[in-house]
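In the two complexes below, chain A is the common chain; its partner is chain B in one and chain C in the other.
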Partner chain A sequence: MADISKSIEKVDLYEKTSGEAKYVSDFSYDDMLYARTLRSTVAKAKIKGIRFPNLPEDVHIVDYKDIPGKNVVKIIFDDQEIFPTEVVTYIGQPILLVVGKNKELLEEIIHNTIVDYELMTPIFDWVSSAVHYHFQKGKPEEAFQKATKIIEYVYDTSYQEQAYIEPQGFIGTYEEGKVTLIGSIQCPYYVKNALLQALDSKGDEVRVIQATVGGAFGGKEEFPSLMACQLAVALKKIKKPIKMIYEREEDMISTTKRHPSKSKMSAAIGENGEILAIKSNIGIDGGANIGLSGVVLSRAMIATTGAYTIENIDSSGDVFLTNTVPNGAFRGFGAPQMLFAIDLFIEHIAKDLGIDPLEYRLKYLAKQGDPTSTNGLFRDPIIMPEMIKKALEISKFKEKAKIFSRPNVSKGIGMSWFLHGCGFTGSGESTHINALVKLHKTKEENVEILIAAVDMGQGVRTTMRKLVASLLEIPIEKVIYDLPDTDKVPDSGPTVASRTMMIVGGLVARCAKKMKDSWIPGEMLLEERYLQPSYIKWDEATMTGDAYPAYSWGVNVVEVSVDKTTYEVSVNEIWSVYDLGKAIDERIVIGQADGGIVQGVAYGYLEVMNHSNGKLLQKNFTDYIIPTSMDAPKMTTVIMDNPYPLGPYGAKGVGELTLVGGAPAVAKAIEMAIGKKVFSIPVTPEKIMELMKHE
Partner chain B sequence: MVEQIIVKSVEEALSRLSERKYIIYAGGTDLIVQNRTVSEAPIPFKNPVLYCANLKELKYVKEGDDYLYIGAMTTLSELLTYESVPKLLKEAIEQMASPAIRNIATLAGNLGNASPAGDSLVPLYTLNALIKCQSVKASRLIPIQDFFVGLKKTALTDSEMITEIIIPKNRFKSTMYRKVGTRKADALSKVSFAGAYSIVHDKICDFRISIGAVNVTVVRRFDIEAKLIGKTIEQAQKMKNQIISLYLSSIKPINDQRSNIEYRTQVTKNLISAFMDTLD
Partner chain C sequence: MSKITFILNGKTVSVEGNPGVRLLDVLRNEFKLTGIKEGCGEGECGACAVLLDHKIVNSCSVVLANVDGHEITTIEGLKETSRYQVIRDSFGHAGAVQCGFCTPGMVIATESLLYDNPTPTEEDIKIGMSGNLCRCTGYQSIIEAVKKASEDGDGLW
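Coming up: the complex of A and B.
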């Protein structure tokens, strides 16, 4: 059999390039209405009343009073209302929907509606902790007492916007008591479960179908549930098809972003310059409600020592609530913030001690058999030494670092090492998700993959079909994988956490093997449910044990030039080496790698978003700067096989791994180019100017 | 919806303009963005629209003895194909927007839009460009610095349109163009700079600096430039700090979502300094 990694044509190549693929905005129905959103213009207030202009008869207002079920968006914490009953807590928060035939008229109505607010005092400082976690490994207090030196630094990260090209959107119908939504989403069952609670409906009264998705990056994980609940309430009230698609600016001001963070790092240094212990305290800005922030926080904290093994750790963290747009899932999910902090921190410790950072870092690099940050076990082989060797070789890191470290060269090269835990954090896979997959062989001898996993551009429609075709030894044309529809597919969990190929694909592969072994002509239906490997133990309360079943690893090297006149950064070239188990399709992995690293590096130097008193200042692509192809340099990616026994063909997670190391690598490269330590990303020209002022 | 007319000739365009106020639509790359509305709805133009992009009469680049003549509907991409278009202007155009936009956008549109961050304005100031504004009755040639009368305001009247941009032929010893944008393409300028000079018998005989995006219009100071005329390079270098502070007195950079006052000021200083370092 051919190597599974050998690339095939992406199955949706033609429909996407020809324009045939149907995105949610391409759907429409006769007699269809539009829904537009009235939003809060203040950061915190009580709504005293709402004064509408004269409303035509066929224009409907939909608000909290119309919700048949619970006025809560079902996510993890029950702290987000579908429509506010009384109080708004951030600028851009949806208050109600205006629904009607003529979109321009709806705009006019919204424009002329006056909300009477009784202003309350908003909070923007990080003072109100809603979630606090803490864990220890070893004996950090003793280590700090023994220390001959303590090194402390604080690392800041800013917002990042997912910047999917297709904004959030749904279209819905109501027929014979049944609400059907077609949407641009990552998690059909998150949406369905949220709708059941909001509408107080039974399972078969709600149906959620995925349209072709034009990018998501985590932004379509939990956010769409809010929008879907609002639309479903409107559908139930008005009983006509309704389309609800966000415009770019309302999408940017009102949807979840990557959490800004502040990490206070301190290290206890022994007499020979060794690290005795690391203490980290991370605060993340949750925005106006908790949503997924607690889970984001725990992933960040578990990454406290990144790709390194440190004997003693004290890790704590908080989600702070502020009256700003709620933050949420974004490719990397908390890890990018901490990996930036730790990878720079270790580098800074080495610099302060006058030791070559590369040598120093190698001393602490995690090895197979080491305990993880949470006292789990790195069970599987770790091939980082070979990967680092390869990265040094292809990038000529050492030679360049030597030249670039001289004054006035204005060039720099930086290298990050990182890992990413694959799948849900802790026992999430078994307690929260409990994934179920099915494989159905039809009378025509076609094999249908029945899973809820969403292709949002990352290529899972290709890789899943390829996987099944390969295991069953049938042509890929005989394998069917339609866009998920909750009336047809079981809940195989959300398309998040780099879990799709490793976890869902793993189950699909087991199903396929069983089908092959018991193959009979005609119909067959097999299913497989997730079982936590018995050796994986996790204690939620103390955050100890195996936080993830497996880890993917990576090395990124970034070379930059900094313009001395304008402080602008040019990324000259990027080299990456990854261990993702086994690539199910090389080109698809390269696609993830190229996009991931560009997004990760841009997080480190380019993408600026901030708010002023709760108002986001960058609300379109003129002002929120993501890299163009002109900003993306030459990239070289090396994939090293290191098969994971439970993954299909040995595959582990890919999607997030390729982003998380970008920021520390580019930040270190800029450090070298300007000869100053960097503590805050994005490292903009404005920040570089400030750093260089203090020559 | 407003009236929308595709004009067939310059004559028709001018005669319509003499009757009432129209929006002149060239490439539309500013107009569409500025008049955007919700998806699936027509663009809510506030005045009737004259579509002029198809006017073949205004698509040309002609070279005379002393001047270069650019027809108002020539696209930015087309301009890049002419050898006669000065390097300073080409360098600016190459960094404007992205290929798709440059294929329809025009210089006249960049001038008509009158944004202080309009990238072609800066080299056009340095090149002493003249803007030809035509109405049914008359035609005026306006030096570029008089064409812009305030923030997003031009000297153009409702009955006029730009038909041509005229650039005197110059022979500079050296020029320098820099766009400091937010990224490498599709970027708005935080600061932009176009400098040029000439030297005869070891003395500076021509010295020009234009700076964009740091005030309501492009900054060009003939009085400061005059101070350097007749000076040797050595003398000019000694005056560098004085020259820089004179320029700083005429810039008014702002804090916004893209940058801040300190950065814009510092980079302006650095650019003037870097340009003066090229004198040789």
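Coming up: the complex of A and C.
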């Protein structure tokens, strides 16, 4: 058999290049209405009343009073209302929907509607902790007492907007008691479960179908549940097809983003300059409700020592609630914030001690058999030494670093080392998700993959079909994988956490092998449910044990130039080496690698988003700047095979790994170019100017 | 109300209506040409790109009145050409298609660029594609795709 990594043509190439692929905004129905959203213009207030202009008869208002079930968006905590009953808690929060035939008229009605607010005092400082976690490894207190020196720095990170090019949207129908939504989503069953609770409906009264998704990056993980609940309430009330597509601006001001963070890092240093212990405390801004922030926080904290093994750790963290737009899932999910902090911190410790950072970092690099940050075990081989060697070689890191470190060269090269836990954190896969997949062989001898995994550009429609075709030794044309529809596919879990190929694909592969072994002509239906390997132990309360079943690893090297007058940063070139187990399709993995690193590097130096008293200052592509082709650096990616026994063909997670190392690598490169330590991303020209002032 | 006549994908068409409406809405809603995408509505992302007399424009930023007597080609028209096939294959080969939402606009941008300059340098390509945002690929594969289309389509442009 040919190597599985050998690339094949993407199955959706033709429909996507020709414009035939149907995204949610491309659907329409006769007699269809539109929904537009009235939003809060204040950060915190009681709604005393709402004054509408004269409403035509065929224009409907949909608000909290119309919700048949619980007025809560089902995520984890019951702290987000579908429509506010009384109090709004952030600018941009949806208050109600205005539904009617004519979009322009709806806009006009919203424009002329006056909400009477009784203003309340909003909180923007990080003082109100809604989630607090803490864990220890070894004996950090003793280590700090023994220390001959303590080094402490604070690292902060800013918002990042997913900036998928397709805005959020749904279209829905109501027929014979059944609500059907087609949406741009990552998690059909998150949406379905949220709708069941909101509508107080039974399982078969709600159907969720995925449209072709125009990018997501985490932004279409939990947020769409809010929008879907609102639209479903409207559908149940009005009983006509309704389309609800966000404009770019409302998408940007009101949907979840990457959490701003602040990490206080301190290290206990022994007499020979060795690290005895690391203490980290991270705060993340959850925004107006918790949502997934607690889970984001735990992934950040588990990444406390990044790709390094440190004997003693004390890690704590908080989700702070503020009256700002709620933050949520974004590729990396808490890890980018902490990996920036730890990878810079170790470098800074070495610099302070006068030791070559590369040498110092190698001393602490995690090895197979080491305990993880949470006292789990790195069971599988770790090939980072070979990967680092390769990265040094292809980037000519050492030679360049020597030249760039001289004064006035204004160039820099930085290297990050990182890992990413694949799949849900802790016992999430077994306790919360419990994925189920099915393979159905039809009478025509076609094999249908029945899973809820969504192709949002990462190519899973191609790779899953390729996987099954390869295992069953049948042509890929005989394998069917339609866009998920909750009436047809079981809940194989959300399309998140770099779990799709390793976890869902792992189950699909097991199912395919069973099918092959028991192959009979005609119809067959086989299923496979996730079983946590028995050696994986995780204690949620103390955050100890194996946080993930497996880890992907990476090395990023970034070279920059910094303009001596304007302090503008240009990224010249990027080199990456990854261990993601085994690539199921090399070209698709390189696509993830290219897109991930560009997004991660841009997080580190380019993408600026901030708020002033709860109002976001960037709300479209004119002022929220993402890379264009003019910023595109040359990229070289090397994939090193290190098959994971439980992954299909050895595959581990890919999607997030490729982003998380970008910011620390570019930040270090800028450090070298300007000869100053960097503590805050994005490293904008303004920040560089500040740093340069303190000569 | 006025009557606007233009050539759409090779056929003469007329639209009666408000001349101030966005070309994007006319093409998507009246002509059901949904290969044209709306990504930002303000001329920044290029997802709604079409060719106006062979030049790329963002159809969200063009009003209907401005196309009177002109020629508009959308992805639906372009996909019938042999140039499109070269572009499609080169995009596939380079791995330049991920979520696909920017792709029709990228294909239009490629056609516009190669029509003006059949042998662009890498810098020309970067400039030529800079009006189209992509969040998935990091652009390297798109730049390679345009380069390959220019090579493989030798003589077509």
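Everything that follows uses one rule, which is that the second predicted complex is superposed on the first by the 695 of 695 C-alpha atoms of A that agree within 3 Å, B and C clash if a C-alpha of one lies under 4 Å from a C-alpha of the other, contacts with A are read in each partner's own complex, and residues count from 1 in each chain.
The definition used in the following text is that a residue touches a chain if its C-beta (ideal position, glycine included) is under 8 Å from a C-beta of that chain, and two chains touch if they have at least 3 such contacts.
These numbers were taken from a predicted model, which means no experiment stands behind them.
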* Asked: Between chain B (first) and chain C (second), which, if any, makes contact with A:M630: first, second, both or neither?
  -> both
* Quick one: classify A:Q618 as touching chain B (first), chain C (second), both or neither. => first
* Which partner does A:T17 contact after superposing on A: first (chain B), second (chain C), both, neither? -> second
* Touched chain A residues, chain B compared with chain C -> C
* Of the two partner chains, chain B (first) and chain C (second), which one does A:N54 touch, if any: first, second, both, or neither? -> neither
* To do: Name the contact category of A:S25: first (chain B only), second (chain C only), both, or neither.
  => both
* Asked: Just chain B (first), just chain C (second), both, or neither: which does A:N408 touch?
  -> neither
* Touching A:L606, do we find chain B (first), chain C (second), both, or neither? -> first
* First (chain B), second (chain C), both or neither: which does A:E247 touch? -> both
* Just chain B (first), just chain C (second), both, or neither: which does A:T121 touch? -> neither
* Using the superposition on A, tell me which residues of chain A are in contact with chain B and, in the other complex, with chain C. => 25, 247, 622, 627-631
* chain B touches which residues of chain A in the complex? -> 25, 36, 103-104, 107, 245, 247, 564-568, 570, 606, 617-618, 622-623, 625, 627-631, 685-686, 689-690
* In their complex, what parts of chain B are in touch with chain A? -> 33, 37-41, 44, 98, 178, 180, 182-188, 191, 257-260, 262-263, 266-267, 270-271, 273-274
* Contact footprint of chain A on chain C as seen in their complex -> 33-42, 44-45, 47, 74-76, 79, 84, 87-88, 91-92, 95, 97-104, 107, 125-127, 129-130, 132-143
* Asked: Which of the residues in chain A end up touching chain C in this complex?
  -> 7, 9-10, 12-23, 25-26, 162-167, 212-217, 247-248, 456-459, 587-588, 590-591, 594-599, 620-622, 626-635
